[in-house]
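In this document, chain identifiers A, B, C and D correspond to the written order of the chains, with residue numbering beginning at 1 in each.
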Amino acid sequence: MGGSGYAGGEFLRLALGHPHLEVTQVTSERSAGLPVSMVHPNLRGRTNLKFRKAAELDAADIVVLALPHNSAAKRIAEFTEKGRIVVDLSADFRLKDPEVYRATYGEDHPAPDQLGDWVYGNPELHREDLRGATRIACAGCFATSVILALYPLLKLGVLLPKDIIATGLVGSSAAGASASEASHHPERAGSLRVYKPVGHRHTAEASQELPGNFPLHLTAISTPRVRGILTTAQAWLPDGYSERDIWSAYREVYAAEPFVRIVKAARGIHRYPDPMLLDGTNYCDIGFELDTETGRVVLMSAIDNLVKGTAGHAIQSLNIACGWEETAGLDFAGLHPA
Amino acid sequence: MGGSGYAGGEFLRLALGHPHLEVTQVTSERSAGLPVSMVHPNLRGRTNLKFRKAAELDAADIVVLALPHNSAAKRIAEFTEKGRIVVDLSADFRLKDPEVYRATYGEDHPAPDQLGDWVYGNPELHREDLRGATRIACAGCFATSVILALYPLLKLGVLLPKDIIATGLVGSSAAGASASEASHHPERAGSLRVYKPVGHRHTAEASQELPGNFPLHLTAISTPRVRGILTTAQAWLPDGYSERDIWSAYREVYAAEPFVRIVKAARGIHRYPDPMLLDGTNYCDIGFELDTETGRVVLMSAIDNLVKGTAGHAIQSLNIACGWEETAGLDFAGLHPA
Amino acid sequence: MGGSGYAGGEFLRLALGHPHLEVTQVTSERSAGLPVSMVHPNLRGRTNLKFRKAAELDAADIVVLALPHNSAAKRIAEFTEKGRIVVDLSADFRLKDPEVYRATYGEDHPAPDQLGDWVYGNPELHREDLRGATRIACAGCFATSVILALYPLLKLGVLLPKDIIATGLVGSSAAGASASEASHHPERAGSLRVYKPVGHRHTAEASQELPGNFPLHLTAISTPRVRGILTTAQAWLPDGYSERDIWSAYREVYAAEPFVRIVKAARGIHRYPDPMLLDGTNYCDIGFELDTETGRVVLMSAIDNLVKGTAGHAIQSLNIACGWEETAGLDFAGLHPA
Amino acid sequence: MGGSGYAGGEFLRLALGHPHLEVTQVTSERSAGLPVSMVHPNLRGRTNLKFRKAAELDAADIVVLALPHNSAAKRIAEFTEKGRIVVDLSADFRLKDPEVYRATYGEDHPAPDQLGDWVYGNPELHREDLRGATRIACAGCFATSVILALYPLLKLGVLLPKDIIATGLVGSSAAGASASEASHHPERAGSLRVYKPVGHRHTAEASQELPGNFPLHLTAISTPRVRGILTTAQAWLPDGYSERDIWSAYREVYAAEPFVRIVKAARGIHRYPDPMLLDGTNYCDIGFELDTETGRVVLMSAIDNLVKGTAGHAIQSLNIACGWEETAGLDFAGLHPA
């Protein structure tokens, strides 16, 4: 549903190459009747599907919602009728608490009684909940980069309970496929623009998912990249803790994760995470550096906002929900140089 | 008139720093009431002017039209009443022949009897005509890059009368300040897109201005740059001619030109023209290379489409028309690196 | 052999994901002892191989040479001993005629008697020759883009025997992995730089492979992209020919090709080939436009220089040589947006 | 001295256009004998000077040192003999305390007894000291962006004494004109790379200059831009303070500053500082946003690292030192779009 945007297009790319998924229908009100490959030209020769209107949707095993924020929740009954498994790429079902939803999105949730049915689609935190799940609310992109950088350290109590400042450098695809003044190439190509210094909505999501009750502060800056998020999170180690404790925490929690890599080399130009290397991949690369004099630790994470931040996360969650190999359809290694 | 677009904004930047010009009014229907510096943020602290509606325009010594194509000609009487000197940055008054105008723009010219009153605003070709001129039709950007690369060689008969192929690599600002799908950053940032393989409208303009009756063919390709045009023109030397003849022709015609530089070095990375070096400047850099085995000569020119291709050209033409120093207000050297 | 450069790295990426290839050894004199993933950070978690010195190479079924130009030919006996199938990504064995080699590369070929043993690694032209081949000289990247745009039209006699001008816009990865002044980011990021207006070495290669004896002229321009080549070839249709004849020729020759797509839409921003869409893929997208008034036809082709221009071509050729499915290991669809 | 690098080149550009400066000599050991415009191609037609060796330097009124770090201090006697006024663009004479110098740069200062003779070249903080000064140590680029964002608030006691986290997004020109793996275009063009998460040397400089004894922490990230720094500084307001207090502080301290602009609009895409608008200009744009729920304030500053961060700062300081109009030679408004 809503397959003409960037999130929908990326899901289609991954689903068309997935060994266990078959894409049978794609909806777009705006592009109904057009070939999917006219809107997503990378899919030329990969699919002959045409967009249809939502009203023409037949039942399916899995329904994926790639609709604008607040569209899915209002029509959720319509969608759950169509498919046994529903995956929502929007923010509608991520927050558990309707009060937090109202505070964050400025209106009442349209279907608050259903919030409990949904699993937050982050495999690293909710793998067990995802097995057999039929309602998956995919994690937000900036939230994912923040959560995966911080989760092991907060879970294992490695950080001081001080304010954590997370700064996300975000590519232009995060704002979607609709042209606007902010995304007009001459205005954006050379720009480094703080677009959300305070009040980013993903703060609620990240705070909900992260252990403990740390004060978490987000700043988002747009960059000239198209894809990708690089997040730095500034946090503090207690006295007596060292780099080893950070390594231990990441290793303990992420050792078996297929899509989390710890990237921290002593030398070379690729010694920390860089979204340049992740376009099209489902990896979240994580690194860190410690200022031993002050105890300040800079955590870093990089993802492709459309893959690990959206559609890849969704595929990974679906793989778990359906009992398939968790990496199915997500084998692209990424390019270098890129 | 029409000061909220990129051409108008660039004219404002140059005019505000010009020793003999004073900007007293700027119109924009869309932005009327707003400070000019809100639309052109580089002018913060440089002007306190606000946009007004065209209907509120007072008389002035000079009226500059930065309106969409085909707007100026339809209302030309209205504008010529307001100012003694009228400079038009659009294509409306560039072509001398109404038939060519119709063939090129697909409609009859709204004021064909006035076409003879306008001087084509290219100082290198029409300096004498520009002295004292009161109607200046500024040359088009791609046309300028083609004309300045070819003019000396065609004027002095240095080229074979074979087809000339000119390929222009153009930045995104050439398409103007309005957001569109083609200029949406995620679609444009990494794109190399042929947008006018054949049928470019500037062919008529360049053919009108260039001596002789050479068949001239244009192809335009959009690049990820914001400003700038790099044009290569593929032409042919007659037997017995050599690189010296090209040097001679350029030197003879351009020796005294303040804004044309011949750029051709034996080595180094900057041995040919490069628009990277010209952002904000009024230079047209020109270079060439000869294939001695075949007589093929590759002519190259680089400009900033908004300066030498539009607003700088206009200032230079005005300087001549008003008897001021030709380089007044056009002294920016350009940046390196950039 | 020589796996630390960009061509070698790309071959490794594709080979590591290939169903029938196993990478057992990688050499690099400079990086011997280092993990492959330190030099090619996209391969983190994909391989634990370390670079070894060439002298330490064990025998293998297939040896792939990704050495600098003129290195492979001088030591070819050493390499053919090591493996039954040898694939060379350099220019050393592409030209059939030692005289043309000397004229092009300025020195005698080190092993002229072996030139006849090699198949030019372009599956679209030499598929039958590639079956069972044990010596494959992979086609050059710019040459490939020129050849694939022109081949059907020249083969079927659709073009006038006039000069063909091909202009290639090339990304920075084509110059390799070694830092230089020309590739220094501040000098290159905003540059549009003609780097080979005349005398491009791939002219010989393209002329050898294209049917007929057309005069072919190449100009190469560097762009701010990292990967990709967009080529426009300016050619001429005889009287009485039309767009249909171009369509027919492309369809007749390319109908069954798995990696050639004809991209020509009546509208939309993706109506012609664009390398933006091809990063990481083995596609060559081909388009065209006809100027019906003059008979000028603009042919366009886009490839990823490191894939269809180098390593992907090599894999495709190997697939044919070994009797595997031709598309094995080459299934990445490319990204949009990118 | 050392005019072939980016800092030296930018100083030359500004000095050549300065009403009271005449450039008589430029040194470069590496490029001695070459025209200055071969290394700085934007200066074609602006100067016929050639580089000479340092040993050939004649006396001058003003000597400007654009040498690598730690070169100026070792040979300072040699330079002070040559000119009455010496301006150093390097870090050698910025720190007042030799102990801090040693802790920061890992070696003893070569001329510790002279440190007291130098004025820190930041006009906003040291205008009075600069009048008549003959030794000017220009402020560092990242330090300048941090200092100007924080100075008024720290001076007037508007911030809580909590840790301040400053994150700088830096263009590639900051690393200088020498090619390296890190600056190789294919490795840098798409990169967002944390290059100094902790331990940035400008911490010492900023801490020295800022009032109070606030713990200040810097993180530097490289971006795909060539010029420019965007800094966000995360700080905290005491209870009872509001946005008004920030406005007041900035206005009180910066009201008369010719090159500091407060950029904070309620709407529009240019409502905060953006280095895109500042290439080539001497402006420092400053903005902020307050999170009223937590008291967190995000301060932002943008500069061109080569102008307000280096050469423009130097010219502005010289203007003050010599009693000229402070804005002389610094009138470029910047481009939009850019």
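Assume a contact is a pair of C-beta atoms (placed from the backbone, for glycine too) under 8 Å apart; a residue touches a chain by one contact, two chains touch by 3 or more.
Owing to the predicted nature of the structure, the values given are computational and were not obtained by experimental measurement.
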{"item": "C-D or B-C - the one linked by more C-beta pairs in contact", "value": "B-C"}
{"item": "Relative to chain C, chain with the most remote C-alpha centre", "value": "D"}
{"item": "Separation of mean Cα positions, chain D and chain C [Å, integer]", "value": "45"}
{"item": "Chain centre separation in whole Å, for chain C relative to chain B (CA means)", "value": "38"}
{"item": "Junction residues of chain B, two or more chains touched", "value": "6, 173, 177, 181, 186, 190, 224, 226, 274, 279, 337-338"}
{"item": "Interfacial residue positions of chain A with respect to chain B in the complex", "value": "6, 171-173, 177-181, 183-186, 188-190, 224, 226"}
{"item": "Residues on chain A engaged by chain D in the complex (per definition of touch)", "value": "162-163, 165, 167, 169, 181-182, 186-187, 190-194, 197-199, 215, 217, 219, 221, 223-225, 228, 230, 232, 234, 269, 272-276, 279, 287-291, 294, 296, 298, 300, 302, 337-338"}
{"item": "Footprint of chain B on chain D - complex, ascending", "value": "6, 9, 13, 16-17, 38, 40-46, 173, 177, 226-227, 261, 263, 265, 268, 270, 274, 277, 279-280, 283, 285, 331-338"}
